[in-house]
Structures are given as C-alpha cells and as structure tokens.
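These are the structures, in structure tokens.
The same chain A turns up in both complexes below, where it pairs with chain B and then with chain C.
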Partner chain A sequence: MKKTIFYILSSLLFLLPALMLAVKSFTPVWKWGEPLSFEWTLRGWEVFLMDPRIYEALFVSILIALAVTFLNLMVGFLTGKALSHSVFKGKGLLETFLLLPLFIPTMAAALGLHITMIRLGLANQWLGVVIVHLVPTIPYTIKVMKAGYDRVGSGMIQQAKVLGGSPFHVFRSVELPLLMPSVRSAVFLTVTISMSQYVLTAVIGGGNVITLPIIYYPFLQSVNDTVMAAFSIAFAMLPVIAVAAVELLSKILTYKGTFVNRGVT
Partner chain B sequence: MTYFSLVKAHKEYQKKEIFTGIDFSLEKGEILSLVGPSGTGKSTLLRCIAGLEQFTAGHALLEDQRVEHLKGKERTVGMVFQQPLLFPHLTILENVIYGLKLKRSKREAATEGIKYIKSVGLEDYIHAYPHELSGGQQQRIALIRALVLKPKLLLLDEPFSSLDPDLRRELRDWVRMLLKQEKMTAIFVTHDREEAMLLGDKVAVLAEGKIQQIGPPRQVYEQPSNELVARHYADVIVLNDREYAPNHFFVWSSSKAAFSAEFCVLEAQWLNQTYQFGESYAHIQMTGTKRRHIIPAKHDLSHLTPGKTGYVAVNRNEIRSFDKEE
Partner chain C sequence: MKWHLNKQTTLLLVPAFLFLLLVLYSLVMSFVESVKGPDGWTLSYYQSLFEEERLYASFGYSLWITLISTALSIVIGWALVRSFHTFIENSLGKWILWIPMLFPHFVWGYFVLLLLGQSGVLSSVLFNLGWLESRSEFPVLVQDREGAGIIITYLWKEIPFVVLMLLPVYTQLPKQYGEVIQVLGGTKKEYFKTIEWPWVQPVIVEVFLIVTAFIFTAYEVPALLGVQFPQMTAVLAYDWFYGISWDERSFAFALLFMISVVMSLFALLSFLMLNRRRWLISKSQHQR
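And now, the complex of A and B:
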C-alpha cells in the first residue's frame, strides 16, 4: 500500500514533469488558442548546442562544481569528525558559528568578498568563484558529514585502529565506505548549489567566468519554451555527471575491491 | 622478569582525577580481572593501555618496552570492546583478517582467518555479513578478530555486557578456555564479580581511582583488605571501618532477646526471601548503613511483611578485621 502511494506520487510529481520537459524540448512552442498539433523539432537543442559559449560554460561549470565539492569534502570530513567525535570547550558555539554563512544574504556576502577578491587578485577568475561558492555550500556539508560521523560512531574507528590500521588505511577501509551515504548527499547538495549560483558567480567572476547559469538566466527572458526545456535538461544532467565522477573517485580510494587491489592476493 | 606492568599510571580528565598510582604486574599467560563499581575508570585504564587515550603520568611496560605509544602495525596490545563493532560492510572473514592483512599476504591471512572461524564453529558464516549473526556470534567473531593478530596482551572491556544472561554464561566459559588455549595474557574488565572470579587468575578491585586490592579470587573474597573491597567483591557485612563478618554467619530474628551476649546485634529491616541451590536466603537492609545484604535464613519466614524491623546478629568469634598491611 505504502509502496503504491510512493510510486503514484513519485511518477505524478517527479517522473511526469521530467517527461514533459523532455517532450517539450523536442516540440515547437504552442500558443494558447492554436489548434493542437504534434510536430517535432530539434530547434531547441540546436539553439542550445550552437551557442559558441556553451561548451566552455559546461566545462567551467563542472570544473568549478568539482573543485568546490573537493574542498567541501576535505573540510567536511575533518570538521565533521572533529565536531562528532571529539569533546572540547565551545563546541556548540563553533557549530553555530559554522552555520552562520547561511544566514547572511548572498548579495551582502558577495559584495563584501568582492573587494577582498580584488585585493587578492582572485576577482574575475574561476578560482575566485570556487572560493566564493564555498560560502553557501560548506555549512551544509559540515552538517551532513557530522551527522554521518555521529551515525558511524567513534567505536568503529577506534576498533580499526586497535587492529593495527594507520589513520589513512582506517579512512580508506572503514570511514569512507561507511560514510558513503553522507558523501553522496553532500556531493549532490554541493554540486547543485554551486551550479545554481548566479549572483555570486556574476559578481566575483565579473562576466569573465562564464558558467551555465550566466548563460541560462538571460535565456529565461526569452519566451521560447523549447529552448528553455533543452537548456533545463542539460542543466539537470550536470549534477549527475559530477556525482558519477565522485563515485568513481571514491571507488578508487576505497580499500576493499579497489582497482589497485584487483588480482593481487 | 615481569611480563607486563603498569607503573604509577595516572589519569586526569578536565582537571578531575580518574585514577592515580595504579601499579600492578602480570606474568605471561595470566588473566587479571579488574572489578569495581561503574564510573571508576576501568574502561579508561584499558583505553590508556591500548593507546586510545593518554596517561597523564606513568606508563605501561610490556616485555620492558613502552606499549601505549605504539601505532599501526607496531601494536602489540589487542582490545575487545563492549560492543562487537564488526565492520558492517565487510564479510565475517574480511572482518577477522582486517588486521592480519596488513602484516601478511592476503592468502596467508585468509587461511589463518578461516582456521580461527572454524575453531569457534562459525564456518557457515565465513562469507556472511555481520548483521546476519546473532549478538553472541558477533562477539565471538570480535574476539577472534583480536586473537588472530596474536597480541602480546589482550584487553577485554566488559565484552559480555551487551548479551543476555544465558549467553553470557555460555560465552564466558568459552572465552576462558580460548584464552588459556592461546596462552594469552589478558586484562578483563567487568562489574560482575562472578564473571571476575570465573575468568581471572587474579582479581583486582578498582574503586575510587585506586587499586584497592589485588590477589587470587578466593583470597580477595575471603580477606577483603578494606571496606571498599568488602562492599564490591566480598559477601560480608561491614561493622565499622576496621571490622567485618561474613554474611553466612549472620542470623535473623524479630526480637533482640533471642541473642546471647556472645552475639553482636544490629538492627535491620526485612525485605524478602529467595531460594537458591536448595537453600533459602533472607534479603535485609541494615538500618544503620542502608545497605542491602543477603544472609542465610533457615526457617520459612515468608509470613514477615517487607519493611518489618528486626535484628541480625553474628557471633563475636566470627568477626574479622581488615588487613592493615599496606
């Protein structure tokens, strides 16, 4: 019963709209009052794919998102573990402090950071954009990773240590595999957030760093639904690609069943 | 030459003393049971020896070598925790050889691992995942996972506390057999004194941050050296800070007049009566100390109402005094 409801709701609210979007990207614009017609067109995808900046934008978007994800995970693993497994004074305060970036309006943060970025020579560069994308992502990652470490518990890690694992080996063989669900959530969140940043990218990138949203938003003003649909689909594919990349990396890093280990007894 | 010794071990946590001046030594192959009330730092002591926490002062010596700083593959101290802590994403065999694989080739480790799993009768589960095993089976695997590494010293931190009583009884005999078979030197922490007697060649009572007494189980039981040991390990009623008398010499009576001058009489409240091994026992609470004790009750006293005040008495000849040899 529960399963049926789940399938009905998910197809109604998720699958159907996604399908509609896919269909939309291949059918011409239909105006209210016109007779219903079923024609197919590749114009939407043509406009999208013929835009000379699109491939660069795709590449830059993925590059930035992956760099942001990498930094997020580095910070997330370390901070999450510290917040979850160690006891120190002012822990609660620090936890709140780390969440604060989410409460500052993006615009305020961006304008303030812009001046710093100019001073550091990072304005108008993709590295600057990467750093500024950390502002709306890191608090989430830390939260997710802390929850992950809470779930795994410190006993498991200590047990691995007592059995003779070095810190890195314990990380690869125990922490990483057990934390994969958290890593996946963190990656998905980070990539999606990073890829939807318009204001932060526009301000810090200064029009020099062209990511997908920078092209996407001006298109929104056009009324061509077909092009928009094609665009949206391409946009939605990016996080999937990024998550696949991280998944692959973790497979290589994980001790058990690694490529390195295969065939070696 | 002593095999393992703790020298002036001292631990503070946030300016609070947990234990201090802990000294004891073990011969090779000896098992020490460490008993004491909960919260006295028994687990912390083990965690310090295992190097998971640091002693504030003092150190542990194993074959004249400091052990608590050894890391990774150099470790010579194994530890089994309260929970089995099997890695859920690894099979039983992979769990067992987790540490061994770091030292030897995978094939050698697997052969050794399978041998151990067979020895505990779980060969049907070699490729199963931990969640398919019962709690007792998981704890058995946790134990051989530590033993397969052949540690020079094995620390057991209340390994049966998460199991139900029947399973505990079964498992502890098996553990002692296994430890003796492997000639393992071990420190076993528990708050259950029956368990301590069963497993330990020696018993140490840790209370209020100090080792109060250490010796063969029977000696500690029969000659507690102070009130703390008496309370936590022996079946005696403490009369004052110098004297005590074993429970089994006490007699219950509702009236004081029943006792002659030879007896030392104390006021107590009747609580209940239970039967064990064909004998009947009275549960009483001393009016003075509010402590509960169990003494033999020859007659059927079930007509008494709980909470009724009466007297327990012991012949003055049976009163002993604590050894004040320290």
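And now, the complex of A and C:
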C-alpha cells in the first residue's frame, strides 16, 4: 500500500516532468489555446544539433567538466583518505572548514577571483572557469570520498601494502575497485554541478568561454519550446554519459585479476 | 593514537589546503575590492550600501523565498523519508528520485515556466477543457512579485536532495535501538526523542545550511523566473557588478562579502555545537 502511494507520487512528481520534456522535444511547438499536438517530429533536435554554436559549447562544456572532475577526484582521493584513515589534532575542524565553501555565495568567490584571473591571464580562458568551478564541487567530492574510505576501512589497504604492493598498484587493485560506488557519486555530482553553472562561467569566462548554460539563456528568448525541450534533455544526458565514461576508464585502470567486491563491500 | 600530523598525512592534505587557500583568497579579495575607493581605503561603501532601498527590498524578498523553500523542502523531504525509507533504498524508486538531480536548476526553472506560465501547457490544457475563458484567468505563478515560480522550482529540486541526503541516515539507524525502547516499554515519542532525533539532527542541520545558503545566493533561477524589482541577492549583486558606476561595483563586493561572513559564521557555530554531540555518538560505535 505504502509502496504504491510512493511510486504514484514519485512518478507523478519526478518521472513525469522528465518524460514531458522528452515527449515535448519530439512534438511540434504547442501554441497556447490549441490542442496539444503529438505528431512525431525530429525538428527540435535538428535545429538544436544544426546550430554550430552548440557543438563548440558542447566541446567546451565537456572539456571543463572533465578537467573539473579530474581535479575533484584527485583532491577527493587524497583528502578523503587522510580524513578517514589518520588521526590528527584539528581533524574535525579541518573537515568543517572544507565544507564551508558550500555556505558562502559562489558569486563572492567568482567576483573575488576575477581581478586576479585577469592579472594571471586566466580570465576569459577555460582554465579560469575550471578553477572557479572547483569552489562549489570540491566540498561534495571530499565528503563523498571520505565516506567511501570510512566504509572501506584501512584493513585491506594495509594488507596490500604488507604484501609488498607499490602505492600505485595498491590504488589500482584495492582502493579504486572498492571505492567505485563513491567515485560514481562524486563524478555524477561534479558533472551536474559544473553543467549548472551559468553565473560563475559568465563572470570568469567573460563571454569568451561559451558553455551550454551560456547559450541556454539566450535560447530562452526563442519561443520554440520543442528546441528548448531538446536542449533541456541534452543537459540531463551529459552526467549519465560522464558516469559511463568513468566506469569504462576505471575498468581499464583496475588491475586485472582482483577479487572485486569480495570481502568488504 | 598519533595526535600530530605526520609527513604522509600532510602530503595527502596539500591539495585540500590549496583549495581552502583559493577560497579564502577570493573572500579576502572581495573584501579588498569593497573597501578600495578612488583615494585609498574607505568603509563608505558599506555606509551607502545600507542607504540603498534596493538592498532592503532584496533582503526581504530573498529571505522570504529562502526560508519558505528551505523549510518546506526539509519538512516534505523528511516526511517522505520517514514514511517510505524501508523500501526506497535498493529499488527503482531511488532512481526516480535521482531524475530531478540530473537537470540543472535553470533547466528545471524553464520546465516550470513551460508548465505553469500564463501561456504555459497547463493553462492551455485548462482552456481547451473549457475551464478557462482566457489565459489571463490563469494565476500568475511565474515571474510574479511573490516569487511563487522560484519557490516551486526550488521545492521541486531540493525535496529529492533532502530525501537522498537523509536516506542513508535512516537505513543505517540500528534497528536494535528501536527494539530496546520497545522492550523497556517506551513510547513512539520517546523513541523519536532519544534515538531518531539525535541520529538525524546533524544531517538535518547540514542540509538546512546547504539549502539555505544556496537558495539565498543563487543566481540562475531568480534571473530566469524573477521580476525586475525586488531582486534576489545574487541578481542584485550581478546587476551592481556590471553596473555603470564604480560605487555600484563596490556595492556588489560589499554585499557578497557581508553574506559570506554571516553565512560562514552561522555554519561554523552550528557545526561546532553539533561536533560535540557527533563525537559522543562516534565514541559509542565500533572503530573500523
């Protein structure tokens, strides 16, 4: 009974909107007052994919998201391990401080860094945008990776070291496979957050770094809801693709012949 | 137990310190920009900032939207977790909850505009059903003075966030605790007071702080669904930053710096108060 209520409620509230956008991207423009038309059309996707700016923006967005994700994972693995597996004075305080960037306006960080970025020649560059995208993402990644290391514990890692594994080998054969669930969440969060940044990209990119959100806003002026729906669906597909790509990469990186997911899960 | 940072841990923490330095630096620079006048340091921008009518209008408007969105998201999200947590984990339902997380806030804002705008889908459908005479009969829910469209968008996006943050807390809550209470003849109220609340409180506080800080200072949704006046803080800061006069640019920095200080002090105090309790809880758990 409870289960039925939950599924009806969540489908209505969360699944239906996504479905509506998906259907909308394949149906002609719905004019107000006219019956909704459900004639199948690829027009929206054509217009969206024919726009040369879209390709450039897609490329730049993916480049930025990749770089942000890479840096996030690097910081996340190292910091998560340190916070989880070692004890030192002020650890609680450091953990709190690492969460604090979530509580300050990201715009304060962007505007504060703006002049320095200009001086360093990073303003209007994709690299500058990458740096500023770290502010809203890294606190989440550290949190997720720390929780991952907490869950895995230090026993397996120590065992691998005792058996003479080099740090990289231990990482490939023990840490990475065991931490994959956390890596997935971290990548998903990082990519969605990076894809959601309009104002940070606009300030630091200065209209020179064109990402998908930057062209989404002007697209809103066009009243073509079919094109907008296609654009909207494209946003939701990117994090999914990113997680799939990381999955693939980890398969390549992982040392073959490990007992993946045995013992500690 | 080692109490001091050893060399290896320090090395692991270098990137984290660099990150903190970056954030701290940006805040210091915001402050510097807010007190830099044409002839030397001055606090006069803060003084004139508080004479700006736009500031008060913005604070009132932002606070109203933030508090109502945050409170409702947490209450509804928490209620959902409490009633459904037993089967959301490891089920299809969890994936449904992830769907709104896939979309950026402004995309969801566009969806709200498409669905609930005066010329939106809902109004069109109601007209076709003969329930509306004209589109002006449909309530102004988007780009309205009360910020209803903004609140709806945030609720829709934040409720799944609250659910996903609280879900692991409930699935990890040891069942034995409830059994102990039952055996000792405790009531549901006592169960909530002695077990459930202490267990979820840290996460509730954290979620409250994250959502509040985010909504109060986010730009994307109010820029899309807001009105010209009043504006939410981020939109106002953006306008001022790209404003014509130097004063306005300094206002933008002063406004954002003030919010940063207030919010981070608030968050810091909350965490310090929580940490003591959290320490007690972790003491009673097994060390892995």
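The criterion applied here is as follows: the second predicted complex is superposed on the first by the 231 of 265 C-alpha atoms of A that agree within 3 Å, B and C clash if a C-alpha of one lies under 4 Å from a C-alpha of the other, contacts with A are read in each partner's own complex, and residues count from 1 in each chain.
Please note the rule applied: contacts are C-beta pairs under 8 Å (C-beta built on N, C-alpha and C of every residue); 3 or more make two chains touch, one makes a residue touch a chain.
Note that this is a predicted model, so its numbers are computed, not measured.
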Considering only the touch criterion stated at the top, classify A:Pro177 as touching first (chain B), second (chain C), both, or neither. first
Name the contact category of A:Gln159: first (chain B only), second (chain C only), both, or neither. first
Winner by number of chain A residues touched, once chain B and chain C are compared: C
Please work out whether A:Ala236 is in contact with chain B alone, chain C alone, both, or neither, and reply first, second, both or neither. second
Where does A:His169 make contact in the superposed view: on chain B (first), on chain C (second), on both, or on neither? first
Hey, what residues of chain A end up touching chain B and chain C alike? 155
So in the complex, which bits of chain C are touching chain A? 1-6, 8-9, 12-16, 19-20, 22-23, 25-30, 33, 80, 83-84, 87-88, 92-93, 96-97, 99-108, 110-111, 114-115, 119, 121, 123-125, 127-128, 135, 156, 160, 206, 209-210, 213-214, 216-217, 219-220, 223-224, 233-234, 237-238, 241, 252-253, 256-257, 259-260, 263-264, 266-268, 271-272, 275, 279, 288
So in the complex, which bits of chain A are touching chain B? 155-156, 158-166, 169, 173-174, 177-178, 256, 264-265
Chain B residues touching chain A - in the complex, by the definition given at the top: 50, 52, 71-73, 75, 77-79, 81, 83, 85, 87-90, 94, 98-99, 102-103, 105-107, 145-146, 149
Complex interface listing, chain A residues touching chain C: 2-3, 6-7, 10-11, 13-15, 17-18, 20-21, 24, 30-36, 74-75, 78-79, 81-82, 86-89, 92, 94, 96-113, 115-116, 131, 134-135, 138, 142, 150, 153-155, 192, 195-196, 198-199, 203, 213, 216-217, 220, 225, 228-229, 232, 235-236, 239-240
